[in-house]
Every structure is written in structure tokens, then in C-alpha cells.
Amino acid sequence: MNQEILFTTENIGKTYGVNTVLQGINVEIRRGEIVGLIGENGAGKSTLLKIIAGVEQPTVGTMEMNGKPFSPASMLDANRQGIGMVFQEQSLISNLTVAQNIYLGRERDFSSFGLINWSRMNARAREALNKMGLKDISPKARVRDLDFAMRQMVEITKVLDIVSETANNRALILLDEPTTVLSDAEMAVLFEKVRQMKEKGNSVIFISHRLQEVLQITDRIYVFKDGRQTAEVRTEGADEYILYEKMVGRETNGEYYVSARQTVPGADVVLEVENMSLFGSFRNVSFKLHKGEVLGLCGVEGSGKEDVCGVISGDLASTSGELKVRGKRVKFASPGDARRAGIISVPRDRRDEGIIGILPISENISVSNYEKNAAHGLISNRRQDRNAREWVRSLSIKCAGVAQRVSNLSGGNAQKVIFARVLDSECPILILDHPTRGVDLGAKGDIYALIRDITEKGFSVLLMGDTLDECLGVSSRVIVMKDGLVCGEFDCPADNKPDQVDVVKLML
Amino acid sequence: MQNTKTGDFRNVPEGESWRSFLYRNIYIFSAVLVVSVFYIINPSFLSLYSIQNITREMAPLLPMACGIGFVLYTGCIDLSIGAVASAACVITGLNVADVGHWIIPMMLAFGVLIGIVNGSLVSRIKLPSFIVTLCAQSVYRAAAIVLSGGGSQNIALKQRYLVNWMSAIVFGLPLMFWISLGIVLACLIIERNTKLGKSIFAIGANEKAARLAGVDTVRTKTMAFMLCAVGAAIGGVMYAYKLKSSVPAIGDDKFMMAISSVALGGTLFSGGRGSALRTLVGVITVISISSGMNMAGVDPLWNNVVFGIVLIVAVAINSEKGIRDLIIK
Amino acid sequence: MKTFDRQAMTVAEEFVSKVEREARSSLIRVYAPMILLVVMTIGFSIYDSHFFSMKNLSNILGQMAVPLTLATGLTFVLLIGRIDLSVEGVMGLVGSAIALLVVNSRNSNDWGIWGVIVPIIAGLLFGLITGILHVRLRIATFIITYATGTIAAGIAVLLYHSQPATAKAQWIIDASRTTFLNIPLITWIAVAFFAVCCVILNYTAFGRAVYAIGDNEAAARASGINVSKVTIQVFVLSSFAASLAGVLALIRLKLGQVSLGTDQMFPCITALVVGGTSLAGGKGGMLQTMVGTLIYMELLNFLTIIQVPADYKKAILGVIIIVAVVLTLTRGRKTIAK
Amino acid sequence: MKKILAFVLAVLMALSGCAYAAGDGKWHLGILIHSMDNEFWAQEANGGKLFADSKDDVEYQVLTTDGDDNREIQAIRDFIAQYGDHAIFVTDPASRANTANVVEVCEEAGCKVAILWHHADGLEPKDWKSFVVHMSPDDIVAGYNTAKTLFEKMGGKGKVCALYGVQGEDSAANRYAGFQKALAEYPNIKMVDMQVASWSQDQAMTFTQTWLSAHSDIDAIWSANDTMALGAIEALKLEGRNGKVLVCGCDGIAAAYEAIEAGDLACTIANNGYLLMGYGASYAYQAARGATFDKPVIKTQAVLVTPENVKDCKAMFIDGMPKYDYDNLAFCVLSDYATFADAEKK
């Protein structure tokens, strides 16, 4: 590894009004180094990256790049100086082609007299994609026709292209949770690319909530807590437990998934799926969900598990098959129908489909069950607020009050609000679609404990885990799906979890 | 104590200071400003006669503006309210002498029917509301014109006493204004205290999320259009009672007036926010501007220019604070 | 040639066939307005032979000049998800001002070419102000453009003080009579403007930025696009189109008054939507604009030719448009309509 | 930013008006017209102003209604709110139906009002204290006269198309009714089509173009006002058929006079807004000062403008403003339409 220092920050801090989100940050990035940033949500990792990338300006502190002062006015400015960022939320324009997206905002390079030469742009995009090993993506394809992982790769290609153009292998790439939507295979490709970049002398800052990944790819790790930088760890010799300890400040124990409190499912079947098929997605899926059970659905993306849940929650219509809730045949035209039958879901895409961002916490919690706070057909807002405050307390949601807008909450807390909503709806069957995606470790633990609490009370849960580990750890039984068919089933009692290797074999 | 490091403290109404209270309620300011400027120019602007006049003008516009508010909260638009008001005004004017006051519930039913048609096209068939209501507007307008035989018809002089009660002065102000205030109150209750109202806001704020949370989006949207059309029909009936005639062109400019009122109240057109109280302030402002310009002796050649500038300034002052992260279209 | 036995299909094959089917149906949706246009033209010609006469077609093309110009400008506005109600006012202002500045019946002005350029610059200024106010004050375009349009119309009335001028400049009279290939000059001007806008939309960075903003404004901003600047530019472009439409309308009608622009904007938006441009932004294009305008103009012309009673005409047109939009608009179970 | 805006708003409104003091003993004349965006209405406004300028104790204000019944009532009430019973009105009402409301509002406040144009059935000046006079050149007669002139020039036979005004407006309906009355008297004249061009020049031009291709043998176009007639003429010019296909208008705007001079327009009606509004105001003023009238329903002079009298009419109405002796109330009265020459003789 090169010892040459590429980038440093000195005493960077950021405050919003009275709210300090970042203070006294001194990081140092060497050339050809991959640095991890870890910390709970709200620890200030993303804010730091945004400051480095020029999206936001620091309140105090200075930065240096290549030994020269660096204070980007905008993201474009940062790009020109060799720093590029891949965002947590995807920022591609779905109606434009891949090539147009890669060179969006930089069309001038391909234009003469203001007119763009499309074939030249496509050729350049082809080269850039090839460099990333994305030979099967056409530069002319529209982004909306690509799947999520492909989009992520295109996005990374775009950022790499922007910075490598100017930086001459002295680039700094910022990856903010790039792996959340990727499958394991795709992740492997991504890591391969990241290593290649490193070999050439570029540096990378990498944020992820999955500690394994961080350990796998980085050279050095900064740990953030409450807007401060609390530790610096060399990856060599570190392990998950050490990191976990540094992050949360307490020692982790084997009770991560709270397995000890795993309930033994009752005998009553609350939900029965019989021979259900959705054309082009899954076929002849049958299973039963018991009272108090956590049933995990495993499978790679595209195995059809998402659509199974989509049908059960009323979001999609099946082509054939039957659905029975407590022995009664049902057919849902909308998620509203499903809710009335006692089924409600925590959607995977929290920002787009979960939170109602501009509404306050109290409204977000009550949206699935307004009747609860109503008398004579009129809703009492006072009761609604009181109800929300109870949820805030019992789920320990960090907020300034129930009138706060949900979009101002951190990911973990917003997710807890959605949990409050589904629990408030009093539906006994919950579908949890990646309930811990993008949620920090502390909140994850809270959510697992919560799942235990509710199953004890007799709720049933259909779970699609963020990782296989989680799926097995939390579920009392798992069903494995592959290519739209159910291909296996494992019992997961608390003391005898199946071997992950066996499950993965079935999935792939 | 639920206090934390995360989150944005800028819009936290709980236990707020008087300053932030003022900040949130600044929308009232422009109405006060407009009224006081006209009062300074011409003190008779606030004479009893003038106030009666202004409230009488506000009466029919209020239900229309509050009605279209519901559609705007869902993020849709209804261009047809003017035509619906015209049609309702014509039908009422032509028939009130024969049918008596039964015409009012009939017109409410008429509004419900039209709202269901508009709303179903938008929510079930999923057409853009702009186009649906633009086209529907020409249908309702044609109906108004054909029914009225091409021009205004007044209620026969002998039967005008039938409709006089609506213009009567009660507690110093016209009865129809009190009725409209009642409608505003009803709208406020719908917004704040019913499942329907809350669902409307949820849909406007994030339709996908609201749907997955179990809100019946199709039904709620249809209901929003229904409330809107009913509001327009009430407006039309009030115009018929007020003008004692059926006027097929009465609604032509009412859409823009209603929507300007809503905008003046500071309601966003992107959906999810707004309130009938804001709309009330907006209606006061709009009517004050048009009455005030008459009373201030503005040369009519300047009317449009002055109105446009005042509209921009007032909307800018009133626009809701603390939402700078929203995209305005 | 693939033939699927349904039973033997794996889910993966099903998926492929489903994607293909969706691609086919979305392709049909894309071309639906064009198909509609062709079917309409043939149907109308069969129903009434006058319709396809050279003269009637050239009439339609002549009447299209103003709507096409306006629609071209509005395409950009709709693509970024905004709306511009000010075009009517700006059109009236520019037309009235030109009539007062060239040789006319009201005064002794003869500014020649400057009589056209100065009003157009005034029109552009309106677009600039509208754009800046929208971006800086964050007022919804529906209201801000209504307000600026009202102001523009008000200024126009102030200019001619209730007595509109008739343009008498020889070049205006010549321009209104010149035809090429039986098609009036003003239509050629409109088509030329349309062609330039095609190039701007499809071959410049500005055009890409317009699509990007309409599709995902936050992402566009993150990609370094100056959203405010592009938005203002779009409004300037739209007001230029309105100004040009004002010039063309004046050439056509000679009398410079506010009503040159009255009732022009809503039909244009209808035409754009029928053509397949989305009011939500990001979807649509110049081809759609042309097809939509043609569909609208043909319908209007046909309803007149077959003598639909005037009382019902607009209502019938409205119903037809709704049906056309049902046929051509992409919709799905989860589509959100606003 | 907001403070600046608020200041701008305040200054703007302060500038746009000036303070009035009520109770100065003067009469305040409210001149109600549709809008300033039209030559004829502007002519009316000027007529009212001419009258007000001729009296020392009359102040005037022009109030526009955009043809909206409701706004008209609002404007009258606003005006009364300022001046009480010292307000007097001369109105060109938005619709016939609305005249009753105008009268009721004025009666309630004790303000004298003269109503022009529209005459509602059963609403007679003699029944009201405030309703001073009704004056009008009848729209039905106007439509009838232009149509008749057109048909005579056609030689009593041929095909005609009609352009209608805005649907829902009285004057559009009445002029068309007059046209149909004339049509019934000429059995050899056939109406090919009627279209609603909403007073719009552009729409009129479009319809005319369509007619010329679909019914190329039409002989004349009857238009309910001048603006639409000018649109029709532009379409005819493109075909080189201007002057051959006869066109008539109504209202008497400047451009129409030029079209008559050029031979493109067969006739129009100069409704003479100066006279109508000026004398209306005069009646209201005299009544407010205590005068009473025995014949309060008056048909006023309106002039059929044809190529024969176009020069004189133009000199009188367009290039200058006619001067009238507003105290001679009988001057404006005419039993029926006559040509300009007749009016001169009187």
C-alpha cells in the first residue's frame, strides 16, 4: 500500500440549527486505500460523505485533497477535483438510456456546435461499461428496463467515469451503502471492481451496515458514534464483535436474534396458500402460516418470494390458486382489502412505499387504523397523538415529538414508525419485507426483540430477511424458493438452526 | 423525555414559542395587509354595508374553493368546477319556482353524481385529472347552455320572493355567508376528524405508501372529487339564489378564482397539505382585492395588471414555511 | 419461431414471455396515437370526401401554425412537469404590440423589423420573470403563470387603450398570402420552429436535462444539472414560442388584440396529452406533439365539416378526447393518476 | 424578502388608488361596462366620461364586470358602500336576467340607475323609484337589420352561413334571433351552417376556411359582431374571394369601418356607445336631481353603416368623439333604426 496521503479532513463539523450532527472529524485517506465508515444510523456517516462530495457545506473545518485545500462548491466541482459519490438512493433517470445517464451533465464533451453526437457518446459508454465488466448492458438500453442491481452498477460506472476522467488514478470514490440492493453474486462483482480501482491507485470510502462486507473489503475502518469519530481500527485482525463493540459501546452476545425467546408456533393455521401462481413470477406455491409463527421466505432476488408476499398483501393479483385466512377463502383487490382481512405489510422500499414523509409521526402511525381513535365517526386528534406517543415510548422511537415530520427521522426510527403503524392496525398477520434494510445495528436489535414480543402475543409473521443469517435467526420455519417454485422447507427451532450452506445450496 | 440528537427541529409545533406560532400562521397576514391597505385608501371599505357586500360575495365562492381544496390535497386538479356551478345555477334558476326548495337536495345529488363520474375516471380508469376534468368541463358547460336556451333567464318577478331568504341579513351578515361558514366548518371537521379527510392527505403525500398501508385509494379519490363537485354545485345554487336567475356563464371564471383562493391560503398544489381555514383566508383576500379595486377607484385598464401583481406577492407571502425540501411544480 | 406449451413452460420462460408481452403492448401504446391519427384520417376521408380535399388539408395545415408553435413550446414545460398558463397573455401582448409598432391603422409608427423584435424580447422577458419567480419564490407554476399571463394581457390592453390596431405593413399582408406547396408560409415558419425544437430536445445537453428534471428532479440535481437554470430556460423557451405564435396569429388575423391568445392554451395541452406526453413530466417528445396537434386539428375540422350542432360540439369533442386518451394512455394496476 | 414584498404590495395598492372623501355633495357616477378590452365598451365608457366632464358636480368611475352577473352586482354594491345615495349608475348589464338585481340593489340604497341594452320582461321603470330609464338599440333589431341588408345585396337568394357569439350571452342570442327572423322573410335564402365562434377572430377565420372548402358555393356570411366578421374576411382574402362573398358585422369598431371602405364588409351597425352611455348617465343625473320622465323606455339611435355613409360615420365615431347636448334629453330618442343621414337631419 502506498503511504502517500490523498485526502484529509481537519476538524470538520456540521450543525443544522441547534442540532449538531457532526463534530471534530479528522480522517485521513491514503492513495490506494479502501476505508470503511461504520456507525449506527444518525451517527453522521452519510453527512460526512455528502460534505466531502460537495453536496453540503461543512459548518466548520477544512479539507485537503492532494495536499491542496479542497472546498467544493457543488458536486460537480468535487467531481472535477476527483471525488465522486454513489448515493444510497439511486439517482439515475429512468427514461434516459444508460449512456445518457452516464454522461448526464457532461454532454459538452460529445457535442459540436451544441449538438450531441450520440454514436460517439454510446461508443464511449460502451468502453466505460466494458471496463467495469458489464458487457451485457447496452448503452442504448433505457434505465427503466434494467433491474436494480444493474442500475447500481451503471451508477458506479457513471461515478467512476466522472472522476477517473480528471483524476488520473488519484480519485476518491465514496460508496454510501452500495450493497443494500445487491445479491451476493452482484456484490462479488462490485467488490472485484472496487479492488481493481484500488490497484490502480484510487481510494474508496465505503459505508455499509453489513459488518462482514466491511471486513471483507476494507483496509482500515473508522467508527462513528453520535456525530463523533470514536475509533480507528485496522481491518487486519479485527472481527465483527470488535467492531460491534466499538460501534454500540457494549459487548455483543449470542442473543443477537433473541433466539431464546423464539415462540413455538401454535397449531391453528391463520393463513393458507394453496397452489397459488402468478404468471411470470411463481407457480404452485403452497404453505401454511400458524399462529405465533415466524415463517421465513428465502431465495435470491427474482425467485418470486417478493411477489408471493405481494399477492398475499393485496398489492398484486394472482393468476390462479387460493388464499385462505383462518379457513375462509379470500380474494384481495387492494391492500385495503387485505388489511380488512387482517393482513398488513411493512414494505421494503421505506422511502417510496413506507413512510408518508411530509406527514407527522402521529398521522403515519394511525393511517392503517383511523377507527381506533374515533368515536361516533369522528377521530379525536388528541387521542391519536396520545396513541402515537405511546408507540413512540414503547418502541423507543427517537424523535422530537409526534408532530415531527417522518422524513426528518433517521432510517431506523422511520422503520420503527412503520412498525408502529402495522401494529396499530391490529392485523394479526404481518408481512415483513426486509424489515431491517438500511437500519442500524441498535435499531435492528430492537426490531428483532419486537418480533419476539408480538409473536408471543399471537401475531403471525411472514418474513423476508435482509440476509440469510437474519432469516434463519429470526424464523421458526423457512421456505426456500428458487425460480418461482418452492424447493425446500426447514424447521428452525431456537436451539437447532439449519446449516446455512444447506439452505444456500437449495437457493442457487 | 423524548429528545434526541437526530431530526430537524425547524417544524416542531409541540410546545412552540409564540414566534414559531406566528411563523406558521403568517398566511393570515396577507389578508390583513390587503384589507388594511384598502381601508387606508378608502375607509368605507370596512363600513357595515361594504362588509355585508364582501361577505355576500364570499358566500358562493367558499364552498367551491373548499371543495376544490380536497382535490388539490390529493395532488389532483378539477378544472370542471366552474362548469358544474354553471349547470347547477341554471338548473336551480329554471326550476326553483316549480320544485321549490327541494331543488337544493336535488342539486347536491347532482354534485355527487358528477363527482362520481369525474372521480371514477381518475381513480379507477387512471386518467390524468387535468384532462378528464378539462373535457368533462365542456360537457357540463354545454348542458348549462342548452338547458338555459343560450342566455340568462331570471326567475319570474312574481316568484322572486321565494329565493329572497337566502340574501336575508342575519346577525348583521347575509344568511348565505353563515351557511358557507358552516360549510367551511364541516370541511374542517372532514379534514381533521374523519377517516376520509386523513386518507385524502395521506394519498396526496405519498399515494403508494398510503395504498400499502391499507388506505382505499380508489374510493378516497372518488370521494375527494365528489366533495369538490358538491361544493361546486352548492356554489352554483347560491349564485342562482343570489342573482335570482339562471346564468349559464356564471362559472366561467370561478375556477380560477377558487384556485387562486386556495393558492392564496398557501396550500401547495403538490398535495398532502392544506386546510379549509387557509382557504377561508384566501377567499377573503381574493374578494377583498376585487372589491377593493372597485372601491379604490383603480382605472379598469389597470385591473389585470394590479390583480396579477397582488396575486404573486400575496401567494409568495403566504406560502407554507418549513417545506423548502419539497419540489414545487 | 417460439411456441410455448403453457404447461411445459418454466417460470423463467413465463417471465420472458411476460416481459415480451409487456414490451409489445407498451410499443402499441407508444404508437397508438399515430395509429389513431391514420385511422381517423382514413375514416374521415371515407365519411366525407371534402375532408381529404387538397384545399381542406391545406386549411388544416394553415390553422395548425399557431397551435403547433404553442404546443412545441409547451412540450418542454410539460416535460419538466410544469405548466404554463401565461402563453395566452404573452401571445396577446406580443401580437398587440407588433400591430402598434409596424405600419398600422392607429398611429404613424413604422419600426420595420424592430417592430417585431422588440415585442418578442418583451415576451421573452415575461418568460424570464415567470421562471425566476417560480424558482425563487417557489410558487406553483399553475398560479404564477396565471398571474404573469394576466399581467401580460393587462399590459396589452393598456398599450392599445381598448382600441386595437390593424397591422397594415406590406410584409405582413404578403406573408399572410404567401404559400409554398399549397401550404401557407406561417405553417412553414411553425414547422421550422418545430424542427429546431426537435434538435434542441434530442441533440443538446439542455434537452437531456429537460427529460432528467421531469423524470426525477432530485436525481437530476444530484447529477450536477442546474435545475433552476434549466427551468427558467424552459419558461423562456415557452414564452418565445408564445411570442412567435403571437406573430403568426397577427400575420393571420392582422388585428392586434388580447383575444389573439384567448382559448389557445387548453386545446394545446389536450393535444399534447392525446399525443402521449405525460402531464407528470419526463415522458413525451416532439413526435408526440406533432401527432397530437394533428389529431386535435383534424377532429375539430371534421366536426365542423359534418355540421355537428354548435351547442354540442365542444361537449362531443370532450367525450372523444377522453375516449382517445383511454385508448392511448399507458395504465396499469398500480399506476397513479394525478 | 417577504418584508420587501409586503412593502411592494402596500405601495402598489396605495399608488393604484387615491383617497376619496365621501359626502362632498357631488354626484358619483358609476359607469358599468363589460371590460376595457373591446372598442365598443371603451366607446361606452368614453360616452359616460364625456357626460361627467360636462358637469361640475359629477365625478365618475368606470367599473368593469367581464360580462359576469355576479361581479356587476358586487361592483354596484362596492360603489354604493362608498357614496351611499349620492351614487348614480349607468349600466350596460352583463345579462338581461341581471337587470332585476341591479334595480333591486339600487332601489334598496336609493340610488338612481339607467339601464342600457337589456330589458327583462315585466321589469318596467315606472314600477320602481330608482330605475330611471331603459335605453337600448335592440340587438334583435340589429341582427335583423344587418341580415336584411345582407340578403338584399344577395338579391334575395343564395346560401348563407352564420357566426354566433359566446354561448350563454344575451346579445349573441338576440342578434342571432334577429338573423333568423330575417331569414324567415327570405324563403330563397338557405342557411348552410351556423358555428359558435365566441366573438373570436381566430375561430371565425377557421370556420370560414372550413366552409369555403366544404361548401364552396356560399354567397354570404352573417356575423354577430365585427371581430368575427374580420376573421371571416381574412379567410376570404386568402381565397381571393373578399368582396365577392358578402360579410356583415355589428358594433362598429375601427377596423370594420376600414373593411367597409375597402369593400370587404357589406355593413355593420354603429351602436353609438357615446350617445347611449352619455344620455343614460344624463337621465340618471337628472333623475337624481329630482326630474321625472313620462317615457322611460327609449329606443336610441343606432346607425346602419354601409359603403354609402361610411366616411361620415368614421369621422364622427372613430376619428373624433361626437359632442352632444346632454341636457336635451329628447335628442337620443328614436323610434326605430334609421340611417346615419336620417339621424343627421334630426
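Order of writing sets the chain letters: A, B, C and D. Residues in each chain are counted from 1.
In the analysis below, contacts are C-beta pairs under 8 Å (C-beta built on N, C-alpha and C of every residue); 3 or more make two chains touch, one makes a residue touch a chain.
This is a predicted model, so every value here is computed, not measured.
The set of chains touching subunit A and also touching subunit B is given as C. Most remote from subunit D, judged by the distance between CA-atom centroids, is A. With B-C and A-C as the two chain pairs, more C-beta contacts join B-C. Taking each chain's centre as the average of its CA atoms, subunit B and subunit C sit 30 Å apart.
Separating the CA-averaged centres of subunit A and subunit D is a span of 70 Å. Here the spacing of subunit A and subunit C, counted between their Cα centres, is 42 Å. With centres set at the average Cα position, the gap from subunit B to subunit D is 33 Å.
Each of residues 36, 45, 167 in subunit D touches at least two other chains. Touching of two or more other chains is recorded for residues 153, 157, 161-162, 218, 311, 334 of subunit C. Touching of two or more other chains is recorded for residues 315 of subunit A. Chains that are in contact with each other form these pairs: A-B, A-C, B-C, B-D, C-D. Within the complex, the subunit C residues that touch subunit B are 81-83, 133-134, 137-144, 146-151, 153-155, 157-158, 161-162, 217-218, 266, 269-270, 273, 278-281, 311-312, 314-315, 317-319, 321-322, 325-326, 329, 331-332, 334-338.
The touching residues of subunit B, when paired with subunit C in their complex, are 74-77, 121-123, 125-132, 134-139, 141-143, 145-146, 207-208, 211, 256, 259-260, 263, 268-271, 301-309, 311-312, 315-316, 319, 324, 327-329. Within the complex formed with subunit C, the subunit A residues making contact are 55, 74-76, 79, 87, 89-96, 100, 104-108, 111, 114-116, 118, 279-283, 304, 315-317, 483-485.
Listing the residues of subunit C that touch subunit D in their complex gives 48, 50, 53, 55-56, 59, 62-63, 66, 105-106, 153, 157, 161-164, 166, 176-177, 184, 249, 252-255, 257-260, 262-264, 300-301, 304-305, 307, 310-311, 313. Listing the residues of subunit C that touch subunit A in their complex gives 10-12, 14-15, 17-19, 199, 203-205, 208-209, 211-212, 214-216, 218-220, 222-225, 282-283, 333-334.
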